[in-house]
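Okay, here's the structure, questions in a sec.
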Amino acid sequence: MRIETALSMAGLAVALALGSAVVSLLAARVPKVVRFAAMPLLGLCGVAAIVAGLGALLSGGAATATLPLGLPWLPWHVRIDALAGFFLLLIGLVTGTIGLYGPAYVRGLEQGRDSLVALGGFTGLFLAGMLLVVLADDAFLFMIAWEVMSLASYFLVGFQHEQAANRRAAFLYLLMAHVGGLSILLGFGVLASFGDGFAFASMRAAELSPLWASLAFGLVFLGFGMKAGLVPLHAWLPEAHPAAPSYISALMSGVMLKVAVYGFIRLVFDLIGDVQWPWGMAVLAIGSLSALTGALFALMQTDLKRLLAYSSVENLGIVFIALGLALIFIDNGHPLPGALAFVAALYHALNHALFKGLLFLGAGSILHSTHERDLEQMGGLLRRMPWTGLFFLIGCLSIAALPPFNGFVSEWLTFQAALQAWQLESGVMRSLVPIATAVLALTGALVAATFVKVYGIAFLGQARSRHVRRARPGPWGIRAAQGLLAALCVLLGLFPTLVIGLIDAVPRQILGGGLPDAGSRGWLWLVPDAFETASYSAPLVALLLVAIAALVVPGMRRVGARRVRRCDAWDCGFAPSTARMQYSATAFAQPVRRVFALLFRVEETQVPREDGGMRHQIKIGDRSWDALYLPLARLVEAAARRVVRLQSGNVRVYLGWTLVTLLVLLWIVSA
Amino acid sequence: MADILSPSAWLLALVQALLFPALAPLLAGWVRKVRARLQNRRGASVFQPYRELRKLLLKEARVAHTASPLFRAAPYVVFVATWLAAATVPLLTIDLPTAVVADIIVLAGLLALARVFLALAGMDVGTAFGGMGASREMMISALAEPAMLMAVFTLAMTAHSTNLGSVIAHHLGDAFVLRPSYLFAFAGLTLVALAETGRIPVDNPTTHLELTMVHEAMVLEYSGRHLALMEWAAQIKLLLYGVLVANIFFPWGVASDPAPASLAMGLAAVVLKLAVLGGALAAAETVLAKMRLFRVPAFLNLALLLALLGLLSHVILEVGA
Amino acid sequence: MTALLLTVLAPLLGALALALVRTPAAGGWLNLAISALTLVAAGWLAWSVALEGDVVGRLIGIGFRVDAFNVYLVVLTAFVGLTTSIFSRPYMRHVRAEGRVYLGGMRVYHSMYQTFMLTMLVALTTDNLGVLWVAVEGATLATVLLVSLYRTPEAIEAAWKYFILCGVGIALALFGTVLTYFAAQHVDFGALAEPGAGLIWSSLHAHAAALDPTVMRIAFVFLLVGYGTKVGLVPMHQWLPDAHSEGPTPMSAVLSGLLLNVALYALVRFKMLVDGSLAATASPHLAGALLMGFGLVSFTVAGLFLHRQRDIKRLFSYSSIEHMGLMTFAFGLGGPLATFGALLHMLVHSLTKSAIFVTVGHAAHIAGSQGIEKIRGLIRTQPAVGWSLLIGVAAIAGFPPFGVFTSEFLLLTATMQAQPWLTLPLVTGLAIAFAGLFRHLHPMVYGTPPEGQQPVQANMIPVVVHLGLVLWLGLAIPGFLAQWLNRATQLITGSSLL
Amino acid sequence: MSLPALPLLQQLVVLLAALVLFLSFVLLAQSRLVSAIHAFAWQGALVAAVTAVVAVSGDVHHLYFSAGLTLLLKALVIPAMLHRQVRGLALERHTEPLQRPSLAIMAAVGLVIFSSWLVLPMVAEELAFTRNILAISLAVVLIGFLMMVVRQQAVAQVLGFMSIENGLFLAAVSATGGMPLIVELGVAFDVLVAMVLFGVFFFQIRESIDSLDVDRLNRLSETAEIAGEDRP
């Protein structure tokens, strides 16, 4: 496919998204329209985006166009290249499944009081914004698309605004998005003042002095890091993502955060260009911090969607760890490991989009059929929603980075990149990178613990509440969407070489060099730099697993006794065990909570129950609140309280102000 | 190294892979025997574990009403994953196709896969024990896994490879060097091995006292062939770690060519090393006492610290900087 | 010329006619019709300016000059005047139904409405600085009665403060004008200069370099404090929230949308003279520096004020102060980019802010109070009002795709190029102001409404039209407007942007 | 430059201007409302006189007119209106002693010095005469301003406002030889309307807080504490 065609396909995708937004306006009259028109349009939009992305990645070129909008001297420029293509693909994959998932989900809302116009309309705008961010080729359009994305998603977060918590989440989200946007804008300002004008082309050409480059990097990192939910700027994320309807959460966690990653890559690797390794160190440090914090807090949560949101913080941390490695290697003149880390980052971004989308959709279907988000109320869902159970399990295994699923591949690549640290000259970097690696390993294990807890509590064991006991499997659309994503997770896990062959176009375009040997031994083998150094053959691992299983299972059947007898669980000879005796989610996390006690702000309280007993309640707070946010809020409050003294109410005082101002100014100008 | 994928090499790999389940109970039995001796008991024969496995296999399996399909699938997954992980460790020779298929990181991944299913199986029936065991197991592994990876990364960085075969080859190749990093890594990996295989002082494979048990708590609901598979997998894991420690840090004797003589030599060497290691383990379990659950993190942090020191001392002291 | 004549005469005659119309309903319709006529005339005027450049003329001895700078403000004024009068008709009917207006108050209201429009248009179109002053003072006198229209103690207090503060301020501005005239005493305007050329802006601008810098410096201080009071620059702003909150809502809309703009317009005209006169001295950018200082202070302080509001109309009047501060800062910064941005910001701010005030009028009507804590769950009670408020505030807070974002984008980037370190306070101020607006907005639009709130019969046409225009300006600036703004920029800064 | 060097008429202008300045001191210090109004009337008359003198000296015809206008407006009409209102409000006996009058006077003196210092740099020789007049009128303006700040009584504030206007007239006339006629008319008209409106407001204020003490117009202040809304 020619790259121009890809560009027009992308344009089509944007048009479809906007179309779905416009169509939803009719929902005021006919609520069905969202289900039957808007959602399918979204699906088509996703397909178009996928096609465009694949086209761009395969052709590897770049195409530009200008739209008759924008400022008189700065029309909107759009451009598609491999990087844009990759993220179009990512957006498209999730969006397509949403198109499948949405209708069945929205049906539940048609009776509700919340306006479907807002839901459908802003979903469309949200997508259009994200697509345009990826396509934008000048700062002005980029900022517009970026803020439209933020604004639309803000309205979606505030969609179910009866709960005060959602309102607060929306406010916090919009505030931080606004601040982040401003800082990105300033970053562009720096770039623009060195290059002439806001077109990315001229910014690429611009030559920045190291100091200004670092300043621009700082601003950009702040802005995109805030959007990507990096610690300590993550506070909005666990509030906002759960507040939205589940498939919106999937879009926000799975896709929007990646758009932030895109922005970071575009500005730092592409526009600023000549990177400096201290930036890499900063990114590495922040990334590790986010990964660890995210994993720990995810493990502590009992609200399923909140837990998934925190795990997004952790995954973005991993992505940024890889990006930091890439920066370090590139500036130290090791293009190959740099490209390796870069590819690892992209791969993980893609994986996270898939399995986080899958998990949020799973959470959504649980919510849909049990109206329950609290893990402590769930249990035994595997037998009631077998398909969701299966797909969710695949999601858990993928996110826990277990072979042969996709999460493992990107983690493997990241480790491989980190292990190239011996090539670095400075001992400092050589010794700091391994520490990041250790953090990564720790994170991985914690994530495994987290999702064992999620799956074990939600899908295994016995139901902990009545409505969960009555759960029914969701409609086919919901299951199909999850199945699609689950299949993608498996495929991306089994055939990494092909995927990397596709992704490789991005580093070749952005960094000027990819992974030449990645596919050198055919699709069977994944080889980061040399066959001797390291190699991984996902297909063979899977094959061997299956083969051994095929050997063992019948073997056991033959050797051992045929029959399997059903009986009660072992109750130590006391009364039969009930659902309430099961291990709870909080209890499951307790050992880790004790080990990392100093990270959490734990409030344990005894609240009396209706039946006279006491309930042991535990709240786990995020320290970043009292460290960063509340002080800022207090500062503003105090300043405001001082300032309002100006409005004392006495007209003579007002006159006095004017007189004094006049005299002072007169003195200034004539002194 | 195209030859590494040659049919003969695959055949060798198969033999090696079969050796693991075959030898695993023996090692377990040996450790028990030595411990019994050290405690002035006669103890059962070293082949007792084989008998136990057979007994369990012949018994009928009982599954709780509340159990889900996952409960019955888990033992197979655990067993298969552990076995495959073991198959990637050079037992006799370094020219190992499985080591190319799955490097050291994949090995860790496979073990994690087995662990996750073990824990899930523990939570499936919905008794308090299972959840407790799972939660403890995940906590321990969360601390053990980074330590293990750090330890092996030390070697990997020295050898510039994560392929176990070439790591060992690298060490066999160059002259004997005293590397401080190895000392640390060795210590670290040993501690991890103790934790991961559920030995004293972290866990006690022979206890059924619910306050202390971890592994046993998870498999409490299992019986018959399911239990047999779980136990067997645990023994393979023990052997796996044994071989890992033995062949990485004391690579002498591992065959670098597929000649029968050197293979036999390799087998003898590894058996000898394992016997020594097993003895040491037994001795340790005799003199040490099981520690409280919340002392374990300190223990594992020590392991992590050692492993990290190993890595640091490698990148700082040993790379020509 | 006829267009100009019509533009000025329509409101003049309208004011006289409305003073005679007894029945308020008829007054409302007539008011609307006259505003429409004015808009048509203004459009015609703009058209002729676009075709054959500046329109110059004399009426009863007053020189008029319509150039690129003021013509778009004329159109804007006429337009906002019209839409507001569309809103004001039903709104004032409802107010009268509540019996808050004394007998004959409606006559005063309507005729003063047109008088206000007249003064605005004269102030914009005249070329004579003296007449400019007279017109602005006239605007004060016309609006002061409207502020006290409801005759509540608060209204009277607000009106008194408004009167006293703006009266004094304007007096100072007159002193500044006198000083300017004085500085022009000994300038040779050439043979064919009409008498009193020292007050004709165009001839002054032509000979700005000859004006005595010392006098002009002092003159500018008086003008800055004087007209600055009307612009609402801190610390001379105290009248503004009172007047906005106590007057009838249509009045707040035109005050925020037009009066402040005109005052700033006057200030900028004088800045151009001062710059010309100071160009040769040691401190050529004095005027700009002063404007920047005042702009920044007003901007930040107003942003902080937002956090402590209880009255919805006060809230948005402070936001007006904030935005006027931003524009003042931009004009002070100078340079084509910043000036273009400031001109654009004048436009979009007027449109957005008047739309917001219209919506606020309906919101207060629904809740039966202007108290922020009384207004709750608008989206539930009346989605049209709720969403308009939400979107309007999003627009005024500078979110794309609305025009305010475009101008703020230009301002920020211009600042980044000229004075990088000043972007820090700017961005902080924007964030603070944003938080201040939304923390109050959220409970008002979201959540569940209190018992017994009923939707009201609201006329959302003005809001939709205004926000639509702002959206259009955010997506694309039409060519002719871009040309106008560019010519204005050229006029002000001497260098073109396009 | 020295006073004797000036032509007689200009000396007269200076003299009158000095008297205007003196009267604004009187206005500032005068505690009886009615006498303050008289003082104001005299000040207006003096400004008119200055205008006339300038008209004679410069032989500027429209200045005769504006002199008459000023006399009419500032010396007769406005004081008369004020009188009527004061009577209507029953304030003839009203006295409002300044708190710390000496301080106010000192401040006023300071303002005079300040304004003379301010106009000093206008050294252009031909401006030298008008410069001093400017200084005086500026001082009048500032003192009027000061009066509005220190006086709590609405009527007194209006007097201050009006004396500011006097200062403006003085400046306009003496320093610039008079503004164009149309502007003069406009200004005069505005002042008149303003006066009328002031009258209206006196009564409105009176009936809303039954007093004319502007310090009691303090409902619209924001210093009161409020409970913060929901904060994240």
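For clarity, chains are labelled A, B, C and D in written order, and residue numbers in each chain start from 1.
We adopt the following convention: a residue touches a chain if its C-beta (ideal position, glycine included) is under 8 Å from a C-beta of that chain, and two chains touch if they have at least 3 such contacts.
This is a predicted model, so every value here is computed, not measured.
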{"item": "Farthest chain (mean CA position) relative to chain C", "value": "B"}
{"item": "Centroid distance [mean C-alpha coordinates] between chain D and chain B, Å", "value": "99"}
{"item": "Euclidean distance of C-alpha centroids - chain A vs chain C, Å", "value": "44"}
{"item": "Chain C and chain D, separation of their C-alpha mean positions in angstrom", "value": "29"}
{"item": "Chain B and chain C: spacing of chain centres that average the CA atoms, whole Å", "value": "78"}
{"item": "Contacts with 2+ other chains: residues of chain C", "value": "160-161, 164, 168, 172, 214, 218, 241, 305, 308, 439, 442-443"}
{"item": "Residues within chain A bordering two or more other chains", "value": "164, 167, 171, 637, 644, 647, 651, 655, 658, 662, 666, 670"}
{"item": "Chain D residues counted as touching two or more neighbouring chains", "value": "118, 121, 145, 148, 214, 217-220, 222, 230-231"}
{"item": "Touch relationships between chains, expressed as pairs", "value": "A-B, A-C, A-D, C-D"}
{"item": "Chain A - residues contacting chain C, complex", "value": "68-73, 113, 115, 140, 143-144, 147-148, 150-151, 158, 161-162, 164, 167, 170-171, 174-175, 178-179, 182-183, 185-186, 188-190, 192-193, 198, 636-637, 639-641, 643-644, 646-647, 651, 654-655, 657-658, 661-662, 665-666, 669-670"}
{"item": "Of all residues in chain A, those that touch chain D in their complex", "value": "164, 167-169, 171-172, 239, 629, 633, 637, 644-645, 647-652, 655-656, 658-659, 662-663, 666-667, 670"}
{"item": "Touching residues on chain C, where the partner in the complex is chain A", "value": "160-161, 164-165, 168-169, 172, 214, 217-218, 220-222, 224-225, 229, 234-236, 238-239, 241, 286, 290, 301, 304-305, 307-308, 379-380, 383, 394, 397, 399-401, 405-406, 409, 412-413, 415-417, 420, 423, 427, 430-432, 434-436, 438-439, 442-443, 446-448, 474-477, 479, 482, 486, 497-498"}
{"item": "Chain D - residues contacting chain C, complex", "value": "118-119, 121-124, 126-127, 130, 134, 138, 141, 145, 148, 154, 157, 161, 164-165, 167-168, 171-172, 175-177, 179-183, 186-187, 189-190, 193-194, 197-198, 200-201, 204-205, 208-209, 214, 217-220, 222, 226, 229-231"}
{"item": "Complex interface listing, chain C residues touching chain D", "value": "60-62, 128, 130-131, 133-134, 137-138, 141, 144-145, 148, 151-154, 156-161, 163-164, 167-168, 171-172, 174-175, 178-179, 181-182, 185-186, 195-196, 198-199, 212, 214-215, 218, 241-242, 245-246, 305, 308-310, 314, 372-373, 439-440, 442-443"}
